[in-house]
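Letters A, B, C, D, E and F mark the chains as written, and numbering starts fresh at 1 in each.
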């Protein structure tokens, strides 16, 4: 994990015992209260961090770093909800979860950056390159050829970047 | 709030003191472990319940009830994340948040049930009927006339239902 | 497979030996030439029929029947390309292919009829109900809560219909 | 054209000479000023009415009637901009314009009511049923099979309704 | 407003008195009649120009300039309809209108150029940066995390460009 | 047609007489069987190649070349199904087919590369530049102004590239 991301996590260390004491302050007026950072030690955040590390989701970490200056809570939510709540759930193995995500992002066709990150994470958790190209090819049926062709172009970028790093 | 929803919330009462003790159990194999209900007393869930009550989001409650038998956690997430995390945030007043949601759902055009619920909640938090029709009319510019016309048809249903109930 | 579908397939029996002889006639002017039915014995069509039977894709068959009167070739293509070319491909197992399709159709959110058919086929090829609800829940992350909630409503219909038929 | 629509148009008769005199009043505060009806004699509105009549766009007229009570200006814009400005433009014949619209609405897949109205108008201006089914079949390539299949289901409804009325 | 835009407006000056005399010529054949420039002094165009100036919508002006050589009427419509008809309407204040537009464009996720222009216009009419990031964060709920993350990346660009210009 | 594309086609030459003999091998396990190249002499592939040449679809050929290393079958399908099956169909002239495709891709708004290729092919088969800009302008009505403005930006690129090549 890169440096800024580590610093971000470091800044999140707060003794759990405190968190029960400070209630979350809600102000409907919309005043510029600093967003409470206490919940940075939430179960979900810690689980999400671990999950992200397991999947070596570097793309996501970079994105999270980029958000620190402007929307730290969207960064926090991105770790807590998708990674700390949903992807860690029992009931569906992580390979199948990445297959579902690669399929959905290819079909939607408007999030190439996220598709790139998830193709890489799919390969990191054991989905083969062949399986990735099959998923994307299949999307020609459900979302049309342009969506499949654009998804395949993203996969091609991911594969060549991983070739340089000697990754599967 | 209707009966089933109350029963759902009742079933969620667990002393907070326990929650720190039981870690969330994750099983990548996907075995049918019962999803832990301990977190039902999470800050977010309790905040979300309250928020939903403030907005008298009956449509959402009905939807949540319908999910109890099949996907209780999606119901829980729907209360925790949108209502317990996002809509309660400081930085933007609730009227503006509902204006944003009605605009987005009208533009996306594929979630009439949710648009109906959010138009109703928008009116519950002080957005006027005129403002709702202006938001939807404006979407003709950004998402096309069909999206605006279909959104207006949903608004028309909401307005006539509320007329019957004597609501604004 | 229902009666009309059988009749449709019966009408497709033409000795393969003929197919090489008659070239496909293309008329750019757009004259109302009957679309050649010779290719009804194509590898893809026969493979697609078999694949559809393997998956007991009744929903698709019904749809195909409904198209006979108006667009028989779209019906033929639906059997030849998705079922006869793509879903039979090596490189990705059929369970994973259905997981990808359920995810994509839930995310797109504008094809409930097809989502219903594919959830049913997913269950027919061994995806569990729990896995289906997990895929749909996960889509809340990538396509938003409305898409996930509407997809879950479709899954609920499929499950109750299958309960009546005593299907998994 | 049905009665309510006629009454709507009748109510729009105002001597053009007046329109130059009364400037459009804009109030950023958002006060409930009645929207000026003077412009009801605008070039675009009159051209749009005529265009709609030429295409016997009954579906649109019904939609416009339904909006009278709730959003009369969205109804007015729908006549002025699409029909009074765009569809009357030189540079592309009306048949081609309807082909473009049927293709786009089939591909977007979230406006079946408008697709129904435009398939009917396409047939009214000389597009053949065969051409309509070809356009929709072609969308399987660019927007996926579900979009094409759902579009074809709409076309089937239009064709059977027109059969009852003895229309092409 | 930049130079080319001024020249564009200058070229639009025609005495109003003339406009009533020359009827708009419609040619269904699609012949290459020059599009009448008489309406360049229409109420809507003049209102739209003023509105655009009020919002210092530089991004839109640049886009409009770029269209002069290829599609001057799409440029004209963009000023007349969105700015000259819809955004000037009473019934909803301009701040709320920009909140609605930023929400919709973030949710649609396929118009980053327009989202950039509207985030800037939102800030120009008094929406705070914090409110912009809250609107975009909220879209994670209704359109998914990728849409919100991509929208936030656009906001980040806008903010840094405005920092350089010393704008709010 | 460029060199790599020619090599791709050359590699596809196999005596038709063989093709009937070798059945397509399907392996549900998903083993890495080489995809049979026998069908490279299929009617559809040969028709598709010819169709693509007729339309001088260079953009598509380049895309197909780029896929050779990663997903040769998606390249093959792209020639066989859209060009070898759909675009060659009788019932709708090729000009109208390209009008439909340009309209659909402009409305979907998430496939600029394909829109660029199809605007160019539309001009190659006789659609005028004026007609292209009219189709795109019309999409402002059905998919919103951002979709139309982004489509027009793509058209502008195509036109200036063709000016350099002295093409219509």
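Here is the rule we use: a residue touches a chain if its C-beta (ideal position, glycine included) is under 8 Å from a C-beta of that chain, and two chains touch if they have at least 3 such contacts.
Keep in mind that this is a model prediction, so the values were computed, not measured.
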Where chain B and chain F overlap in contact partners, by chain label: A, C, D, E
Set of chains adjacent to chain B and to chain E: A, C, D, F
Relative to chain C, chain with the most remote C-alpha centre: E
Chain D on chain F, rotation in degrees - Cα superposition, rounded to nearest 5: 180
Recurring contact interface, reference B-F, options C-D, C-E or B-E [over half identical by residue number]: C-E
Separation of chain A from chain C, taking each centre as the mean of its C-alpha atoms, in whole Å: 32
Centre-of-Cα separation between chain D and chain A, whole angstrom: 43
Chain B residues counted as touching two or more neighbouring chains: 30, 32, 73, 77, 81-82, 86, 89, 91-92, 96, 105, 107-108, 110, 114, 130-131, 133, 137, 139-143, 145-147
Contact footprint of chain C on chain E as seen in their complex: 107, 139-147
Chain F-touching residues of chain A, taken from the complex the two chains share: 108-110, 130-131, 133, 136-137, 140, 144-150, 152-153, 155-156, 159
Interface residues, chain C side, partner chain A - complex: 81-82, 86-87, 89, 91-92, 96-97, 99-108, 114, 130-131, 133-135, 137-143
Of all residues in chain A, those that touch chain B in their complex: 16, 20, 23-33, 35, 39, 43, 47, 73, 77, 81, 85-86, 88-94
Touch list for chain E against partner chain F, complex: 30, 32, 63, 66-67, 69-71, 73-74, 77-78, 81-82, 105, 108, 110-111, 113-114
